[in-house]
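The same subunit A turns up in both complexes below, where it pairs with subunit B and then with subunit C.
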Partner chain A sequence: MIETFYDVLRRQGITRRSFLKFCSLTATSLGLGAAAAPRIAHALESKPRTPVVWLHGLECTCCTESFIRSAHPLTKDVILSMLSLDYDDTLMAAAGHQAEAILKEVKEKYKGQYILAVEGNPPLNEDGMYCFQGGRPFVEKLKEMAADCKAIIAWGSCASWGCVQAAKPNPTRATPVHKVITDKPVIKVPGCPPIPEVMTAVVTYMLSFERMPTLDRMGRPAMFYGQRIHDKCYRRPHFDAGQFAETWDDEGARKGYCLYKMGCKGPTTYNACSTVRWNEGVSFPIQSGHGCIGCSEDGFWDKGSFYSRVTDIKQFGIEANADKVGATAAAVVGAGIAAHAAVTALARARNKTGIDVKQGEQ
Partner chain B sequence: MNPACHTENPRHLLAATFTRIAATRMAGLPVVNPALAVAVPAMEAWQGEWVGVLVTPWAVNLAILPGPGGRFRPIEVGGAQWWELPSGRYEFLGNREDGLGHYQSCSLLSPAFELSTQADAEDFALTAFDALLAAPPPASASAEGARLGGGSAISQPVSRRDFLRGGLFGGGR
Partner chain C sequence: MLAEQDAFEAERNARMVKAVYVYEAPLRLWHWVNALAITVLAITGYFIGKPLPSLSGDPSEQYLMGWIRFLHFAAAYVFAIGFIGRIYWAIVGNHHARQIFLLPILNRHWWSEVFYELKWYLFMVKEPKKYVGHNPLAQLMMFLFFTVGAVYMIITGFALYGEGLGVGSWADQMFGWAIAVLGGNSMQMHSMHRLGMWVTLCFVLVHVYAAIREDIMSRQSLISTMISGWRMFKD
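So, the complex of A and B:
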């Protein structure tokens, strides 16, 4: 008999009522609407369980720390106990040979079916000696586990872009996952760390629907990375009216003026912080009085001080726009296409977290 | 009636206010697209409030200013008001400016470097504005489609809210 997610969940003592509540919470966080909740429930009840193997390369574990603090306690319970983190250095009870045996078992038993979540990245210099696990370089372990996985989730900026360990001059040649594993689909969930709700939504989406969420051209889930911090920032009216804090303790700072002149990277950073926010939706950096440091953007450590104003915003913009999701930027060049761009912009304005994403699930 | 409401179309007042902002607080900032100028290509009365679209060299925003309708809430930055416009629900953020009073805006585009000429910018703004006030296909289209196709309208997903508003029978929204 096949074991479903629902079976595992009931075994963990989670009631059916809680299970259904989890399904509707997930549908909401994915922006799929109420109609999707029964579909998620049905999928988790009837489909065989998909194991998730979670590897750690060069990283600081902030992704895991973020993940285990997903807003709703139920989400946390269900994800952690039910969604089968068969292997996660930080969270599993197993150790030593027993732990390594799990990897082997998953690789054989679920060949081509398991999801490989990678936190951190492999350093390639000196044959990978800068990150050593279980007696061998991490890059070997990564390649071995990637060979039989269905898809890879690259957690955080480390796995997605390289992050601080890949900052110039990158002595260990820390390399993002998609540049090491080129024959598997890689879903990037950047951020340092990513927003917990985004992480649980992505993993639940993949487990429920057995497919990848709609990705932008940079490989990020469009539903959460479709808009910039700036697009949905609550301080945006101050920006639009030219009201800026000029120093950290001036009248403007006290009044909560826009932090653009203090180095805020909101106008060039694609993430959902200004809508989903952090700590159960309580706040996010700008709300706490500090500009966005752009932690979910490629190479953010090498783009100058966190406190220096974005001066080459045009260049920045074009770079960011390379990944535009059927959206404004590239299209508006010709006047004839302005109509499409305008309607897309309007749809984005309506949408709380991102672009008007068609997930094909509604 | 809201004492701060505009009885005349505040289109020129809005444009003049932001032209002043462009020449002072925003002058010389790298987010400013020098090819663009402040303009309000459209602003009209909608259910007693003034709805329009504002083009600036750093952003294109939808704007709502208070008319005699009485629904406009004079909110400061940090506050938001949801508006049911013909094309959907939009969250507008509040602000206040000397000489203009309270206004609310909803971002369409910022920064505005993708718009290479003023004509492009106004074209973009007007198209968005027209789409804003154009009614979408009826919400019950899927249910109606199922019924016409010989299926049951009831088999279509109906939210509790739609049901209470009569959505099951093709009404509501």
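So, the complex of A and C:
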């Protein structure tokens, strides 16, 4: 008999009531409406379980930390039961050779069916020696497991973009997953870490519907990364009114004015923080008085100050922002024009006399 | 289009009218509307990145940043639609209207005229040449800094605009790719768009200076030409 998700959950001691609650919760968090709940339940009851293998490369485990704090305890229990069964360095019970054997087993038994969730990324310098697991470079393990998977979920900004370990000059050449594995679909769930509810919803969606969520241009699930923090920020009326905190402790900061001038990256960051929020919906950075640092955007670690909107651009080999480069160029042009005008005036004065002589000759 | 030809045209026509009709009305109108739009864009754009001092009071009674952005977007539409209109005029207008879009880069003689003008600006020759349309150096600069620059500002600007309209909006579909080309983080796009403002400013500085200087120095009218359409030759 093939095992379904439901079988597994029951075996883990989860009641049917809890299971159904979980299904409706997931349906709402995916924005699918009440009608989708029975569909999710049906899928989980009847379809054979899709195994998930969770690998860890160069990372800080903040994605896992976030994941296991998913708002509803139920969600956490259910999802963890679904996942930890197979392979996850942090959560599984197995260790050593036993653990590595599981990888092999999944790869053979579920060829082309399992989902590969990757937290962190492989460093490529020195043949990948900067991240070594089970006696071999992580990049080898990643490539091997990716070869037979159905799809890859790239957890967090590490797997999606490279994150801080890829900051210039990137000594280990930490490389995001989609640049190493090019022949499999990669679903990016960026953030440092990503929001737990977003993570669980993405997994559940893929497991129960057996298809990829709709992705945006950058390969992120559109349902959670389709809007900017700025689009749904509760401080937005202050932005439009031109009311900004100018320093961290001024009147504006106390009144909860917009943090744009303090460098908030909300206007350029696609994530769900301003809607889903963090820690069971308690708050999110802007609500706590600090601007968004754009942690789910590519290169946020290398794009200059977190505390300025006009940030440094490195294309010029020096640390300078558009205003510094531009104002310098404009000043040079202005000085050039002034000098040119002066020389022109002189030359004209001299020429005038020349013309007079010529005319005198005629 | 070249100096000799222009001089010939000037001479032939000048005998009768001492002036040549160069810039047709739509082009002149466009020039000044465009100049105004760019001025508004640069000022409002500057304050989008570095907003004015904070206001106090009830936010529902103010809309300062909103108005600044609205002005920017309104001027942006004027600028972009005007540019499309200008392209149309390049097709149906006289041959001077095509100059800022098409450079005769294969014409050696044209290049020598560019260098002649360069020498004139570097005080290496005493007499400027006369041109009915743009002088070749001006033509080159206008192409590089204005025509290319305008396309650049329109693409980067509407890519940012598409972010506000939302994923899937027309602006996102038509121009959103530009953000992906720059790596996907639109902070980069903001910086590049802002840099474009400074490049535009540098062009305007040189352009206005050159227009005034040549008006005085080159024995032919310039500024009044962009108003009336007629190029006067002063000797």
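Rule of thumb we're sticking to: the second predicted complex is superposed on the first by the 306 of 362 C-alpha atoms of A that agree within 3 Å, B and C clash if a C-alpha of one lies under 4 Å from a C-alpha of the other, contacts with A are read in each partner's own complex, and residues count from 1 in each chain.
What we mean here is this: a contact is a pair of C-beta atoms (placed from the backbone, for glycine too) under 8 Å apart; a residue touches a chain by one contact, two chains touch by 3 or more.
Computed from a predicted model, the values in this text were never measured in an experiment.
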item	value
Which of subunit B and subunit C A:17 touches, first, second, both or neither	neither
Partner chain in contact with A:256 - subunit B first, subunit C second, else both or neither	first
Touching partner for A:97 - first (subunit B), second (subunit C), both, neither	neither
First (subunit B), second (subunit C), both or neither touched by A:309	both
Partner chain in contact with A:243 - subunit B first, subunit C second, else both or neither	both
Touched partner set for A:216, first subunit B, second subunit C, both or neither	second
Partner chain in contact with A:35 - subunit B first, subunit C second, else both or neither	first
Which of subunit B and subunit C A:341 touches, first, second, both or neither	both
Partner chain(s) touched by A:297 [first = subunit B, second = subunit C, both, neither]	second
Touching both subunit C and subunit B, counted on subunit A across the two superposed complexes	231, 237-244, 260, 267, 309-311, 313, 321, 329-330, 333, 341, 343, 348
Footprint of subunit B on subunit A - complex, ascending	33-35, 230-232, 234-244, 256, 260, 267, 309-314, 317-318, 321, 328-333, 335, 338-339, 341-343, 345-346, 348-350, 352
Subunit A partner contacts - residues on subunit B that touch it in the complex	21-22, 24-26, 30-31, 56, 58-62, 77-78, 80, 87-91, 93-95, 97, 105-111, 113-116, 119-120, 123-128, 131-132, 157, 159-160
Residues of subunit A defined as touching subunit C within the complex	216-218, 222, 226-228, 231, 237-246, 251-252, 257, 260-261, 265, 267-268, 294, 297-300, 303, 309-311, 313, 321-323, 325-327, 329-330, 333-334, 337, 340-341, 343-344, 347-348, 351
Residue ranges of subunit C in contact with subunit A within the complex	49-56, 59-66, 68, 121, 123, 126, 163, 166-167, 176-177, 180, 183-188, 190-192, 194-195, 197-199, 201-202, 205-206, 209, 213, 217
